[in-house]
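Next come the structures, one after another.
Shared between the two complexes below is chain A, which pairs with chain B and chain C, respectively.
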Partner chain A sequence: MTRDGRLLRGVVLVAVGLGLIAPITLGLWQTARAAFGILPALGRDTLSLDPWRDLALLPGFATSLRLTLVTGVGSTLLSVLMATGFCAAVHARMTPAAGARLLTPFLAIPHAAMAVGLAFVLAPSGWIARALAPLAGWDRPPELATVNDGWGFALLVGLMVKEVPFLLLVILSALGQIPVARHMAAGRALGYGRGIVWIKIIMPQVWPLIRLPVWVVLAYALSVVDMAIILGPSNPPTLAVAVTRWFTNPDPAMILPASAGAILQAVIVAAGVALLIGAEAAMRRAGRWWLRRGGRGLSAEPGLRAASAAVMVLMGLGALAMLSLVVWSVAWRWSFPQILPESWSLRPWGGAHDGWMRALANTGLLAGATVAVSLALAIAWLEGEDRARRTRAPWAEALIYLPLLVPQIGFLFGLNVAFLHIGISSGMAAVIWAQVVFVFPYVMIALSDPWRALDPRMIHAAAALGAGPGRRLWAVKLPILLRPILTAAAVGVAVSVAQYLPTLFMGAGRVATLTTEAVTLSSGSDRRVTGVYATLQAALPFAAYLAAFAIPAILHRNRRDLTGAPAHEP
Partner chain B sequence: MKPALIAALSLSLATPALADWQQTLDTARGQTVYWNAWGGDERTNAFIAWVSTQTQALYGVTVEQVKLTDTAEAVTRVIAEKAAGQNDGGAVDLIWINGPNFLAMKEQGLLHGPFVADLPNAQYLDLGPTSPASVDFTVPVDGMESPWRLAKFVFSYDAAKVAEPPRSMAGFADWAAANPGRFTHPVPSNFMGATFLKQALIELAPDAAVLQQPVTGAAFDAATAPLWAWYDALRPNLWRQGETYPENESVQQQLLNDGEVDIAMSFDPASTAAAIADGLLPETARVFVPVGGSIGNISFVAIPYNAAHIDGAKVVANFLLDPATQAHMQDITVLGSFSVLDPAKLDLAAQAAFAALPTSDALPTLADLGPTLLEPHASWMTRLTDEWARRYTK
Partner chain C sequence: MSLDLEALCIHAADGTALFAPLTLHVPAGSVVTVMGPSGVGKSTLLDSIGGHLAHGFRLSGKVRLNRRDVTDLPAETRRIGLMFQDALLFPHLSVGDNLAFGLPPALRGRAARRAAVDAALDQAGLTGLHDRDPATLSGGQRARAALMRTLLADPAALLLDEPFSKLDAALRGDMRRFTFDHVRARAIPTLLVTHDPDDAALGGTVVALTGHPTA
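Here is the complex of A and B:
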């Protein structure tokens, strides 16, 4: 391990530790204090369990808890099953590049925007009902609870529309590291059905590669706020929404049970992850027995077809939702049961609603700054590993994932108090910092695999020609890795644009972004303006993804192996 | 509204007795006031943007609206700042506030003031002890918040679809039984949903006078017994059988436009006319109020104790009370909120400005709106919504 490498690693670790991990710990600590009755601002300074008792006695608490568990765990399990089934069915016919192109719009659009669109598509007065109205003879919307339903079904669907594409991408890229075709051929030759080969041979190899992303999906689904406000039930809402409401109750004393709820939220996520770990261990035992039994059935085939069909339905819903946002943004009068607006107008885009320019500028600035900081940190981290010739320790991996696993509501109130204590006032800088906490992990995850997959012979050749570590980084690694770096940046842009709670809490509401405005407006009556913001919200990350495809293609147009287009199919 | 007219109206106030005010104006120049206001209504947002252009031109004060989804967010922010010991330079300069949020901030000592009497335009207000401008949900204002717009509870409906809307709160139960699933109200944790319950409580309570006193257990049980009987009859016939409720009145207005329900409600008598003009409600939408009258109150602005720009905030609060500003605000093509000023205290020019405002079929006259019922004491609202949640949130 060179001294140079040690120094770089040290600097990066300190930056990540102090910049990202410390705020989370600090925030959790402040929230936990309030959860146990200590909040000096309200004159509470004795340790007590009262906040927990108050929490348990709040009306609808049990239902909120049940809703959270059903929608969070249910959407994650169903998404994993569907994504796996879909991959099993189409993998042989779809290249990872084609998959990425198809999935990009779904990954780029933030949860809130997707929720606004879906709410319109699914509602009893929405697009689907309007299409059916002439057939069913409805002159009024049917009385069906298709959104904000008491079971949280609409929220479940909404989460799956966002989660399935993400898992598909993760699984497809994991499959790239496994000789699927050979295993499949061997399995089929031994008389196993396609689905059974997939379940018994391929998935056990894929799971370790997608385990962490599945945890992230679970943590997110258990603690989502913006999508649950728009699609979920309101009386009572899911726990995360209820906690957010209690934090903003007119009675300041509600902060205490709200903090207890926030800590409970963190405990639920931890329990959910523990459950997955337990299930994995159980499967490992049961799976071995099942494998040895040697069943070769074809029974999984209908399951695969059902999963593929379900995925197609979800993607269709998502596509309709995105389209409906664009249509609303240019509508004027549009009432039930018209399938298209009765009158059109560009007024939502201009006139009195010129506020979107500023929100767009803020969003762009935040995305640029957070992605720049995150990329610099990620590259420094990876280069540090290279120079030290070390692989990543599990604790370091855990460090990266921590911000994605701890529910935001669990530490944001505490973090706000902590920031103010240190003297960092709310504003742009605080928002950038808070967003980096969430952008950095995604950038790091997106960049790690391509970085490690870099052909070491290039580096050795450069070193043999006398290039030092710095020159090897700037002249060889970064240009070759331009495409994955830009892809990681696009992922970062998408994450930054989607941040709602950190922007709201740390910006003292002053930093208006497309997402904060879209969520605020979705509590209003004007879908047309909401459509403008949601369209822009989806367009910005989409533009970043397009740039990530286009820039390497242009810069490297005379370097066939660097254009990003696969030179030869495996 | 011409800036020159506003300037003329404001200059007429520059008497020597208001030398302190000149000092406030001097300090305020160049400040940016962060006005925390609910952001769900585009017309209000546009009005606040207009206020900013005016105060910039007149006083060099910029207004930045911090758009809230719920006013309590601003209260929480001030509490977080107090928790961190940040007793000056706070992030919130001005809050659109009233009722329980005001009570909470006043009780916690989170407000700056009293300051209203120092505002030159306070001369146009009726600040008598029982005037609506002096009492906020029966809590004395004590000069800790300044009025800016009048709110009066009204229902709206589509006259093309509903021949005869209910005439009284009691009538809603029969109407809903005849038209199941066609009526709902915002969730009572929302201000408007709570107001719907209070409106019913005032009409149904055996003795409405007790509502003006702080709530007690016995008084609550006696006053609300008929309300719960009425609500138990109403609820099964609500939209989605009362299993879920719209988040706020704007979402309910959208349901009315979508045709999912037949009746919506608002705290702004002009909102229906405004929504029609904006393409957000059918041309046939109209307004009605129960025959016994409806709840009215005043929306205020308050300044947190640790605000960074207290002087700028006062300048904005004063500008909002300017007769020219109030007339501009009452114009239904602008905002359509009724003025908080006492008509008797206005000069002829200002009275003429109000008389010249445009009208619309969907805009009720003051006579249509009937008597104004007083808000119950704020403690009733908290108790009422808690009890509602206990009964109907399972």
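Here is the complex of A and C:
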């Protein structure tokens, strides 16, 4: 390893360690202390289990716990099954590029905006009810709780609308690394049906490649706050929402049981991941037994077809939801059974002008700053690996995924306490820092594969022509990787815009973004203003993805090898 | 000019040697061919000479260029050119800018640098293709452009890693002659690894690379 490479790797490791991992550890530690009764700011300094007893006695605690488990585990399992079935059915007919284009809007739109849109579609006065009204003879919205329902059904659907496209993307990219067509031909030649080959041969190869993303989806679904506020049951809500409410309760003594709830949330996620690991081991044993029996009679086709149909319905719902945001933001008079507004107006935009301009500016500033920091860190990390001529160690990969697996509510309060303790006041800088903790992992994951797909001999050729490490980076790697770098930046923008809890906690309510405003407004009555904020919230990531597509297309318009796939095939 | 390997040997991470220690003298303007079965470490040998060895491999012995020990120098200061079976032109640069990438910084002035690139394009039969996208060239044109890019960097030695194996049979002979003519004219010591006996036939000395007895 060159001295240069060692220095760069050292700097990156210190930055990631102190900037990202230390805050999580510190925050978890402070939260855990409060969960066991130690919070010096309130004059509590004796170890006790009282917060846990108080937590268990809080009204609705048991229901909250049940709701969290049902919506979190249920949405994840259903999403994995549907996404797998859909890929099995359409994989041969869809190119990865076409798949990515189809999925991009669903991935780009923040959870909160999608939730607002789904509420518009699913509500008793929403599009679905309006479409059914002439058939059912309704002249006023039916008295059905279709959103914020006590079962958490709307939340389950909302999570699936966002998770299924993410899993589809992950599975499609994993399939790109497997000779699917040849294995399919080999399996079918041995007398296995298409669906059975998929289950017995393809999925066992896919799972190791998608295991971590599935864990991330599960952790997210179990601890989501913004989408659960908008779509989930309100009284009692899911555990993560309940804990957030207790943390922001005017009575500071509530912080203690809230901290216990936050630690419980982290334990639930850990148990959920442990459950997946256990299920994987059990499936492996059962699967081997099933494989060795060699049965060929079973047909999986009906299941695959059902999964594909369910995915199409979810995607249709999601598309309607996105459309409804824009329609509501320019609607004026829109009484019940009408499918479209009776009059249109830009007044919702003009009336809330000051509010959304400020929120848009804050959101843009946060996205710009967090993406710049995350991208610089990710490129420094990857370049450090190149200069050391090393591949990534498993512990380093775990370090990247850690922030995505620890529930935000578990450490954000403690981190806030720790920040105040060392004199970092809550505000813009603290929010930027907290957001980078979550933006960096996604940027890193998005950039790693294309970076490593760059033919190392191309870089050797540059070195042999006398180009030093700096020139190899700036004049060869970065220009060739322009498209994946901008795509990673767009992913970062989408993640930053979607952040709710870090903004709420680290900004102490003083940093208003499109997301915090949209979540606050969603419980109000004026759908037009909510539509304005949610439309802007979705528009920002869309613009970033559009730029990631358009800029390389313009700059590299005369470079055929850079207009198609980002990776250069050796 | 000359390239010398002295008891050069590469050890994998577990300490096993890839091949028996290699001692080799490549005089100026001659082509020494290293042949060996696939997987014996021919490309890794070239990586070690050029300074591109991946982490985990350890090098013993010496690489000398004009009798100077370059074993511990970084790749970009060794002045050892490298050619692969793929041309590996930089896809974001025009053909001319690819050639200019290798020009030494000591050659100053926009006009002088452009003239040097144009002269090289002429020699390679690529006149007028300065602004073309490398992806639009034919295989033979790309191979000649890559050779010119390497030669413009004024290398003190040249390493060729099966450079003709992806060209079709008719082109292969032309490209081989074209390359060897340039190497001789510029008196560059050249090391070629290949498993194509025809490559060896046109060159000078042939050395067989064999797996290490303990491997």
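To be clear about the criterion, the second predicted complex is superposed on the first by the 559 of 570 C-alpha atoms of A that agree within 3 Å, B and C clash if a C-alpha of one lies under 4 Å from a C-alpha of the other, contacts with A are read in each partner's own complex, and residues count from 1 in each chain.
Simple rule for what comes next: contacts are C-beta pairs under 8 Å (C-beta built on N, C-alpha and C of every residue); 3 or more make two chains touch, one makes a residue touch a chain.
A quick note: this is a predicted structure, and the numbers were derived from the prediction, not measured.
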Given the touch rule stated above, what does A:R559 touch, chain B (first), chain C (second), both, or neither? second
The chain contacting more residues of chain A, comparing chain B with chain C, is B
Mind working out whether A:R390 is in touch with chain B, chain C, both or neither, as first, second, both or neither? second
One more residue to check, A:Q408. First (chain B), second (chain C), both or neither? neither
May I ask you to decide whether A:L39 touches chain B, chain C, both, or neither, giving the answer as first, second, both or neither? first
Scan A:T31 for contacts with chain B and chain C and give back first, second, both or neither. neither
Using the superposition on chain A described above, determine whether A:V417 touches chain B (first), chain C (second), both, or neither. first
Provide the residue numbers of chain C that touch chain A in the complex, in ascending order. 47, 50-55, 74-82, 84, 86, 88, 90-92, 94, 101-102, 104, 133-136, 149-150, 153, 155, 159
For chain A, which residues are in contact with chain B within the complex? 39-42, 59-60, 63, 123-125, 140-141, 143, 145, 148-150, 229, 233-236, 245, 247-252, 255, 332-333, 335-337, 343, 345, 352-353, 355, 413, 416-421, 425-426, 504, 508-510, 512, 516-517, 519-521, 523-529
Of chain B, residues touching chain A in the complex: 34, 36, 39-42, 45-46, 49, 64, 66-77, 79-86, 89, 91-92, 99-101, 103-104, 108, 181, 187, 189, 239-240, 243-248, 250-251, 253-255, 257-260, 275, 278-280, 282, 382, 386, 389-390, 392-394
Interfacial residue positions of chain A with respect to chain C in the complex: 1-2, 388-390, 455-458, 460-469, 472, 475-476, 479-480, 482, 556, 558-562, 568, 570
